[in-house]
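Lettered A, B, C and D in written order, each chain numbered from 1.
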Amino acid sequence: MTSRLTLDELNGLSGEAFAAALSDVFEHAPWVAEAAAGQRPFATIAALHEAMMQAVRSAPREAQLAFLRGHPELGGKVARAGAMTAESVAEQGSLGLDRLSDAEFERFEALNGAYAARFGFPFIICVRRQTRDAILNEFERRSQLPPEAEFATALQEIGHITRLRLVAKVDGPGAPKTDGRLSTHVLDTVSGKPAAGVQVRLYEVGASARALVTETVTNQDGRTDRPLIGGQPLRCGTYELEFAIGDYFRRIGVAAPAPAFLEIVPLRFGIAEPEGHYHVPLLATPWSYATYRGS
Amino acid sequence: MTSRLTLDELNGLSGEAFAAALSDVFEHAPWVAEAAAGQRPFATIAALHEAMMQAVRSAPREAQLAFLRGHPELGGKVARAGAMTAESVAEQGSLGLDRLSDAEFERFEALNGAYAARFGFPFIICVRRQTRDAILNEFERRSQLPPEAEFATALQEIGHITRLRLVAKVDGPGAPKTDGRLSTHVLDTVSGKPAAGVQVRLYEVGASARALVTETVTNQDGRTDRPLIGGQPLRCGTYELEFAIGDYFRRIGVAAPAPAFLEIVPLRFGIAEPEGHYHVPLLATPWSYATYRGS
Amino acid sequence: MTSRLTLDELNGLSGEAFAAALSDVFEHAPWVAEAAAGQRPFATIAALHEAMMQAVRSAPREAQLAFLRGHPELGGKVARAGAMTAESVAEQGSLGLDRLSDAEFERFEALNGAYAARFGFPFIICVRRQTRDAILNEFERRSQLPPEAEFATALQEIGHITRLRLVAKVDGPGAPKTDGRLSTHVLDTVSGKPAAGVQVRLYEVGASARALVTETVTNQDGRTDRPLIGGQPLRCGTYELEFAIGDYFRRIGVAAPAPAFLEIVPLRFGIAEPEGHYHVPLLATPWSYATYRGS
Amino acid sequence: MTSRLTLDELNGLSGEAFAAALSDVFEHAPWVAEAAAGQRPFATIAALHEAMMQAVRSAPREAQLAFLRGHPELGGKVARAGAMTAESVAEQGSLGLDRLSDAEFERFEALNGAYAARFGFPFIICVRRQTRDAILNEFERRSQLPPEAEFATALQEIGHITRLRLVAKVDGPGAPKTDGRLSTHVLDTVSGKPAAGVQVRLYEVGASARALVTETVTNQDGRTDRPLIGGQPLRCGTYELEFAIGDYFRRIGVAAPAPAFLEIVPLRFGIAEPEGHYHVPLLATPWSYATYRGS
């Protein structure tokens, strides 16, 4: 990322310079920033973003369609051919959508083809708010929507994409919320104390495989020093937390048979709110446990 | 199984016929049944088994060793060569130990070789009380035991093996307990009612893979019509129950996001008591659950 | 209770004898049994009861009103004066409604007066399905109902009262369900075992006091040898179970501070289904517990 | 409270002025502060307190006894006669020990008499760390201790009393921890959200009665705006939290019978660590709940 602009600076630029400065937020659509320029000064980054989205929503249908059509296909030929803006490259790359296997590439090609034929613009989704599996699920689900509903969904996704881009580019007050948080807490209800030193692994669970996201150990308060995920949107999708509770209870001297009734406790859960806080605690004895979405 | 004898019949046979009738309970060791014959009549099958085990435990060390040495290797050359009694063939076959991959065969061969060199008799374990993974874990663990401790463990396993064989062969009062039970119960704590129609899958979890053991659906009482496992020993090892709780709550009309917080709830647990009752219930809402070893 | 009749005997009686035999089921209303007599034989007690209730429901309004007016006031002057049938005496006596304090007597008198003025018949409720507090709550709630709704409610209560009387009087197949069940189960989730020897007390909780209903101790399975309440309707109302879990954990040697975090665990719950099964278990460690309506 | 001294000021005073300034921390025992004066400067208030306690612990037995004997009786004649220091008056008054009923006065007199006869000094306890019931329990328990154990316990209580007095009097770094915290959190596990607007009542539970300590309502995060108890020691003893969960679920539109299964949920628990943090959350549906000592 290059050095960020401040909202004050943006408020003080000429209209032309303002539009140039924000040119890669709404790709290939300088008219969006131009429309927003006249409403300056903006008190918050959220207000700036909303003004630009309002420009998109109130544009003539032809301009909207041209704008949507300016987006690259997901994981498709265009992506492989490198014909994307730097932002799109980075975003798709974060999920490995630029490194698809041949089978995956075929699947995306088929979905892309059917989608474009039905709706007249490419499938647009804010990839930074989704796991790879969730994107494919959404692709299939949205391909079945009525055209007007899908058009509205595509504009919403534009909102998510550009909000993230704007927050990354502009410094200032009133930034819209773009990050979520996943946290945990392990309580040993035999001792009535936080369980310290419990190994915790977080996996992203896909249809056919699961990938380690992070691995850590609980501290004296039974929590992790840093959130399991934080400072970015949570990717919608399915996750599994694993807690090495068998090791913990052996270490503090609680007798257990071999194999223990509880050795590794898996908690599998779905995330549907990328900007939400998911607190997923574990209350455990060697013979029982409970979990819930907390706060 | 051929038709079973009754305990009464056994009590009435000549000593020779008695020993012949039980010849395949303690393999290649007719002296065990012969020693027990003199103590007839037995009031219970458990007493008969105990008398035979007592004969083994009080035999001279040389006879004990010869008896242990009469057992086939596990998953090894002898097994492949078919040099086992019919009982051993059936028992090893129940775990697929007669159909090992080449890599597995190598591993068993190495363990068998080291074990025999250290203890002077083959590794004996009651395979019907273990999962395949648990057998390998036990093989490695027991290979490290002091010789006297391992000798005692081998005799205990003989007790488990012959108890199962005796109960299969003889009908009568006072049969020793040889079967365990695994059951579940799903409670919907949003409604305060049993959760009916929940799909339940039970897997055996190995180091590298998991295998479906059974698949069923909860009835009106939130239970399964038959135990998940029953009428046989539970195999020591690690298991996972999966409950399709997301489908259940959608079906009864409880709103949930997509993906749901809880879609498939996995409960992973270890079984260490083959003749025990493991009741593993699930108390669930769309946002929380609890489990415990119940009774 | 005098010796019971069988359904077969009732089916075989003359119409007159049949009506006489059931004369104290529907008090002062021989026409109810007379109407049912013609539909004999009845295959089940439930069918017999339903036929008599159908006679009540299809009678002319005047007859219905006369029948309702034949019932004694609850806890009132009539009751004190002894002008009730033996059945009514026994039923009201079971709640102590024949031994009211002066303040309670005044309250019932006031409610009785207002109710009779509004609806034209005395307040009727099946006292054996209610706690004393619940009766007062119902008396106040129903005094506000629209007349038609309250008329229907009174007939429903007649159904509950006569069902209990009929089941007490007649032996035979297909008896309608008139009893509920309250049970518990204590699980020690530190040990993964039923908690044996836990003292359990059940209280009925009123607005101003609570009364001990029963006191018992859990058996080896963590249950009570007999249901806490069974073989009769559960009385609608509020209850509290108390479990002496502090004593239990000290006895099995689990360390605890003084005072223990959990000494007596109270579970307070309401019963709204007199013929239902309420299973109210306790899952406990010295530092945590959970309960739920189970099955 | 008069204006507080700073630790710096105390470090700079003459020895005499220092002892005078702290004269009412260790009642009638100026030698304690005098002994500590020579060890100045103190970097922390905790170090100052420890130096004074060390002076007490290393004093000759006669001086220790004279010091213990200088303390007023609890709730006794001396207290009634007004012969206490202002600090003792305030501390005993906080529990109403200066306003005993005649029966209570008799009981304290009997305990005081027996205790003094056995140990030769009055019963000393830090009343601000105890409920009234807990004091009586401790009085009876400690009256049975061997004299040496009880002598040590009395000195520990002196430590608790003087620590609180010193922290109230002196401002500065490194104050020893003297306050505890009781907090709660209500989670609605039907919705997977904090339960807002739940009425919460906290009672102190005595042998014969219970007294309302505080009453509040949960905020949007399911917590209370302020801790239920904070900024002071928690009084050892038994408490009950009551949550009006029935009202909550009706308000958010969850159907329930009348009476609801859960209307008021009581959680009864003991506090044994006056300077600890007791977090006592409630996870509830209309049909189930769980609690635990959290962190």
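Methods note: contacts are C-beta pairs under 8 Å (C-beta built on N, C-alpha and C of every residue); 3 or more make two chains touch, one makes a residue touch a chain.
These numbers come from a predicted model, not from an experiment.
Trainee: Common contacts of chain C and chain D?
Mentor: Where chain C and chain D share a partner, that partner set is A, B.
Trainee: Taking CA centroids for every chain, report which one is farthest away from chain D.
Mentor: Max centre-to-centre separation from chain D belongs to B.
Trainee: Centroid from C-alpha atoms only, then distance chain A to chain B, rounded to Å. What do you get?
Mentor: Each chain's C-alpha centroid was found; their separation is 46 Å.
Trainee: Between chain A and chain C, what is the separation of their C-alpha centroids in Å?
Mentor: Computed from C-alpha means, the inter-chain centre distance equals 56 Å.
Trainee: Residues of chain B that contact two or more other chains, please.
Mentor: 189, 192, 261, 283, 287-288, 290, 292-293
Trainee: Select the category (line, ring, star, complete, other) that matches the graph of chains linked by touching.
Mentor: Topology of touching chains reads as complete, every chain touching all others.
Trainee: Of all residues in chain C, which touch chain B in the complex?
Mentor: 187, 189, 192-194, 221-222, 283, 290, 292-295
Trainee: Per the contact definition, I'd like the list of chain A residues that touch chain B in the complex.
Mentor: Listed in rising order, the residues are 134, 236-238, 240, 257-266, 268-273, 287-293.
Trainee: Going by the contact rule set out above, which residues of chain A touch chain C in the complex?
Mentor: Residues in contact with chain C: 189-192, 261, 283, 285-288, 290.
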